[in-house]
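You will see two complexes here that share chain A, one where it goes with chain B and one where it goes with chain C.
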Partner chain A sequence: MYRYILRRSVSGLLLILAVSLATFFLMFAGGDPATRMAGESGSVADIIRIREAYGFDRPIILQYLSWLGGFLTGDLGRSLYFDLPVSSILVERMFTTMRLGACAILLAVAIGVPLGVAAGCHPNTKIDRFALLFAVVGQAMPTFWFALLLVIAFSVTFPILPSSGLDSWKHYIMPMVVLSYFAAPAIMRLTRSGMIGVLDTDYIRTARAMGIVPRKVLMKYALRNALIPVVSLAAAQFGYMLAGSVVVESVFAIHGAGRLAWESILRSDLPVIQALVLCFSLFYIVLTFLADVVNAWLDPRMRIS
Partner chain B sequence: MTAAPVASAVGAKPIVTRILPRWRQHTGFMLGFSVLVVFALMAILAPLLAPHDPYAQDLMSRMRPPVWMEGGSWDHPFGADQVGRDYLSRIFYGARISLFVGLCVTLLSCLIGTTLGVAAGYFGGRVDTVISFLITARLAIPVVLVALAVVALVGSSLQVVIAVLGLLLWDRFAIVMRATTQQIRSADFIVAAKVQGASHLQIVVQEILPNVVNNLLVVATLEIAQAIVLEAALSFLGIGVPAPTPSWGLMIAEGRADVFFDPWLITIPGAFLFVLVLATNMTGDGLRDLTAPEGRNR
Partner chain C sequence: MRIRILNIAAAIAIATVSGQAMAGKADDTLNVAFEEEVSTLDGYKEISRSGLILARMLYDNLLMKDIKTGEFLPALAESYKIVDEKTLDFVIRKGVKFHDGKELTADDVEYTLNQVSKKEYNTRYQITVSWIDVVEKTGPYSVRIRMKAVYPLALEMLAGPLPIYPKHHLEAVGSSGMSAKPIGTGPYRLVESTTGTRFVLERFDEHYAGSPKGRPAIKRLVAKVLPEANVQYAELMNGQLDWIWRVPHDASRRLASRPNLTVKAAPILRFAFMGMNPNFSGGKSPIADAKVRQAINHAVNKDSIITALVGGASESIAAACHPIAFACSKDVVKYAYDPKKAKDLLAEAGYPNGFPLELLTATTFPRSQVEAIAANLNAVGIKTSINEQQSAVMRTNYIEGKAPTYLSSWGAYGIADAGLGTSPFFGGAGDDVVKDPQVVADLKIADTTLDRDVRKKHYEAAQKRVAEQAYWLPLWAFSVNTAQANNLSLDVDPDEFVPFYKAAWK
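The block that comes next holds the complex of A and B.
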């Protein structure tokens, strides 16, 4: 087990290195960053001064190493727009997004898993078709349109929910529903197919033949095995959801990391964008790492392969 | 010297001839595919179908509601937007943008993903390790965020949106192609081709590709849907296809300010987007059911 965790951490660290490299070069996607920062009215002298001030005149590899070194010590650079350290802006925003995302993924699991179990236990029945419809509609629904539809329904036609901000529990309902409906279909489908696969195995047939109460067969033997792949999926979905918060936060005017990313992109505030991309990637890497560890604990076979 | 005939033994017959007998029975596929055909016709025939120029502004008919609402007229069946452009015409031309972006992005990402996936599956070993690492790294990168950032930095235009999405969305192709190639790499017909002295390129093109084309088609269909949604999302956030291009995502963004009084500005383009993505997904799911080996006995 420890060896598995060790091996998995090494590949995780390599992954972080690769992603940080990609994120760093994002800065150069739009050409010379100094020219961009100087703006249209900037003179050649301005550009040269910016280059020196921000260290753009150093070899690229040195720039990368100092940026990465700063990141590791908690110095994420300085926002060009706010003229404040990026970390001071980021932490609170990230917290908002994480809280919303955590609520949403819990809701998605709470809907997706029971629905998937019900559909998997009774394939080709009414409940299965309902679950399939739920998934197919959810996977085709663009998040931003769904969010606006909810606003039209519950803030305009029947004004019972607030359409923007995050001040009370009522504000959480619509963004949570939108984000969880984005993640729930995949969780439902995987639970369903896992359930169908497990119920067909010899050990379940044996357990049933031995006369163990069907409920216990389902809960103790089938569900545990069917849920192993769902753990990884839910972790990955949580990561995507955080990154997808750009859209939802811009619709509901929530001051989270997603909205900050969108605003920073509009202002070309590169240090903030880089820090956000790297943070979201880091979350994803850490989440999938944790999911793998949980799975290795649930399923001993994974530790060997 | 080639070993082409061997490939057909595994079932490389064209996809259509194998589906034809059973396709009618698959309601989801039939429904999705028919709707997709309608949308494609809409996109191709947009200049003939559209009652007005999608760019022509007419201040007299500003914010004219659709025909089924009070104050609507048949002159503008879906109403007219904030500057009096005919909404129906913009919807028709919007189908062009969506399908064009969907197809181009998929073509580009298919090329990248299939090359990587087949190489990883066919060669295995170190090549596989490196490519698998690339796939994992790509999965860790937040697509929407990076696409937004790059499009904003490079400057938004249709070409940039297509290039950026195409360079980001190859992961599913690579994963599926790697797995499928791994399954058949040690099959007899591949070994036979090797014994006959076929080069790696010959084996990949003549033996492997014909056998993975079904899976490729399924992934491509689902990927078209994803590209369409992402283009709409980027345009909705104001960093995709630039105005005044009639993109459905952009139309929804422009209607946002009037969400309280004229929600139809949002519901109409959104409904078209939803139905197009739904139909594409249903076609892809149907193709998988009809071509997947485990689905054949059903």
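The block that comes next holds the complex of A and C.
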């Protein structure tokens, strides 16, 4: 078990390094950061001055190594756009995104699991069809479009919910619904297929034959087993939500990490992009790592393979 | 039961709507939204228009330009004198207070201008400060500014991008401190902010008497950043916002149909153009031939594109500058829309069947307008392929000679002077890919004298030559659409600044 965890940790670290290196080079492939920073009105002299001031005239590999050196000593650098320490911006924005993401994943589980159980227990009935329709619509509908529909419905036609910011609990409702509808279909589908599979097994048949009350059979014996893959899926979905948060945060003007990532790419704010990529990939890797460990703990066969 | 629930829902909705609709005027708070994040409230470092607009609420300049008459009005400086071509004297107004209660003196002016013109301060647009050699205090309320060389736009700069900061504060906290806690002499002061995204400003009751900005009629100004345009429209419609801007042509028509909203179009100094590089591919491309460039000028139907897609108060332009700018010639050759003539010119140049042409454009340039221009060029046989890039990438590629043409727009720092309209593109420096010796010579003379007649003569000569040689296809001067609550009186200035201090409730 420990060897397994060690192996996974090392590969996770290497992955983070590879991602940060790739981002660094991709940023330069996307154009000269100094020109972007100078803005439209910046003269060529301004561009040259910025290039020198921020060290963009050094070879890329040197720039990467100096960034890496800073990072290893705990210095994430300063944002080129805000002229503030990256860590201070990041903490503020990450906290917002995580809080929203956590609320949304809880909502997604709260909707997806019961719906999946109901559909799995009654396959090919009206409940099942409704659940499948819910899943198909959720997976097919672009997030930004759904978000705008909600804004039109609940901020314009019936103005009962605020459309921007995160100042009160009311502000959370629409972004949470959008993000969770992005994650719920997969959770629902997996719970449904898990339930159908488990309900058909011998031990459930035995439990039923022993006269255990159906609710207990369902909740204690069937659901527990059906939920094992759902746990790791939910972890992965939480990671995907960070990607979804770019769109949701832009629509609802939430100043979280997702939007910061998008805006920083447009402004070539390299130190912020690097720090965000690192955080996102670290977060995702930790989540999948935890899910793998939980699975390995649950299923010894995985440890051996 | 169902009817009762619906009734309750409707009642809540109506109560919320009417409550919000009155929100702005009722609590004397002007709620506005911008689409761009503000990076800093230090006016010398900011590039976003939203930040620069807020900076003008917080700080004042030595002078202020009356955008209608072109006259320089006294602001923090009571008066000024041009001592010689490279020296300016200013008398500082007495009794002007900063937001922290301290009084403005010559020390503040001297320190601010000397500090921001130092290389280490890293002022974002060096053109705004690089002309300053040194600023000397000549008395408790007087300063002398010495220029490095003759710079005809010195007063423009002092009236625009060069605000005066309090020495004691700037010295103590530096640029990032000024951004976090800005202290100026402006008509509004900052009371609350969230980094880059939300700013609450309150009227500064001790704003100096005699200020050309005047005393604001509205007590509070709340500016927030809403990147998604549809959310801006939604909040404007339900009264959470009182004012938004940069509303696209199609959306402005929809918003105008709302009974509680007014949509306005204000002409601004930004104009669109298509640049053509005669030196592309070592001067061996079709664009090297003036006849081809003239054909391109004849091929594009600017008026119909303006009517259908640009809208607002936009107008077509003929010279390489904004028509209302100082020394922008009205007397340049004009190329009427004439596709037949365009084809004839192409045939004369040896391209009777046209040729393929790459047109670079930035993602920020409205795609529908780009497509319309390309369609016009295709119609005369120039098979145009649009290459859309991030604006910085596009600009680098064009300057480095990697593409023959590009489509762009230019705001000239919001200063109505040909020195910032024509010269950056044809003056022989970085952005000039044409490098026509005759044009460069004229612009050099015009850029380095204070004599307005000489400047006018040489700028106009340069623009004439640019038009004759058709180095550009000048397109149109933009206007900006604003949508605002009916009970708000507010107009955008042509320099693309929004004077919120002049806003009032009707």
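The working rule: the second predicted complex is superposed on the first by the 250 of 305 C-alpha atoms of A that agree within 3 Å, B and C clash if a C-alpha of one lies under 4 Å from a C-alpha of the other, contacts with A are read in each partner's own complex, and residues count from 1 in each chain.
Note that in this section a contact is a pair of C-beta atoms (placed from the backbone, for glycine too) under 8 Å apart; a residue touches a chain by one contact, two chains touch by 3 or more.
Given the structure is predicted, the values throughout are model-derived calculations rather than measurements.
**Student:** Applying the document's definition of touch, where does A:T35 land relative to chain B and chain C: first, second, both, or neither?
**Tutor:** Only chain C; A:T35 stays clear of chain B.
**Student:** What is the contact status of A:I89 with respect to chain B (first) and chain C (second): first, second, both, or neither?
**Tutor:** Once the two structures are laid over each other on A, A:I89 reaches chain C alone.
**Student:** Quick one: is A:V137 in contact with chain B, with chain C, with both, or with neither? Answer first, second, both or neither.
**Tutor:** First partner only.
**Student:** May I ask you to decide whether A:S268 touches chain B, chain C, both, or neither, giving the answer as first, second, both or neither?
**Tutor:** Both chain B and chain C are touched by A:S268.
**Student:** Tell me the contact category for A:T206 with respect to chain B and chain C: first, second, both or neither.
**Tutor:** After superposing on A, A:T206 lies clear of both chain B and chain C.
**Student:** Report for A:V151: first if it touches chain B alone, second if chain C alone, otherwise both or neither.
**Tutor:** Both partners.
**Student:** Is A:A253 in contact with chain B, with chain C, with both, or with neither (first, second, both, neither)?
**Tutor:** After superposing on A, A:A253 lies in contact with chain C but is clear of chain B.
**Student:** What is the contact status of A:V277 with respect to chain B (first) and chain C (second): first, second, both, or neither?
**Tutor:** First partner only.
**Student:** Considering only the contact definition stated at the top, list the common interface residues of chain A for chain B and chain C.
**Tutor:** In chain A, positions 30, 36, 148, 151-152, 156, 250, 266, 268 sit in both the chain B and chain C interfaces.
**Student:** Please name which positions on chain C make contact with chain A in the complex.
**Tutor:** Those residues of chain C that touch chain A are 9, 12-13, 16-17, 20, 37, 39-40, 45, 47, 119, 122, 124-127, 175-176, 179, 194-198, 224-228, 230-231, 234-235, 237-238, 240, 389-393, 395-396, 399, 410-411, 413, 424, 429-431.
**Student:** Report the residues of chain B in contact with chain A in the complex, numbered from low to high.
**Tutor:** For chain B paired with chain A, touching residues are 133, 136-137, 139-146, 148-150, 152-155, 225, 229, 232-233, 236-239, 249, 252, 256, 259-260, 263, 266-267, 270, 273-274, 277-278, 281-282, 285.
**Student:** Considering the complex alone, what residue numbers of chain A touch chain B?
**Tutor:** Those in contact with chain B are residues 11, 14-15, 18-19, 22-23, 26, 29-30, 36, 136-137, 139-145, 148-149, 151-152, 156, 236, 239-240, 242-244, 246-247, 250, 261-262, 265-266, 268, 273, 276-277, 280-281, 284-285, 288.
**Student:** Would you pull the chain A residues touching chain C in the complex into a rising list?
**Tutor:** Per the touch definition, chain A meets chain C at residues 30-32, 35-36, 38-47, 49, 53, 81-84, 89, 92, 148, 151-152, 155-156, 158-160, 162-165, 250-253, 255, 259, 263, 266, 268.
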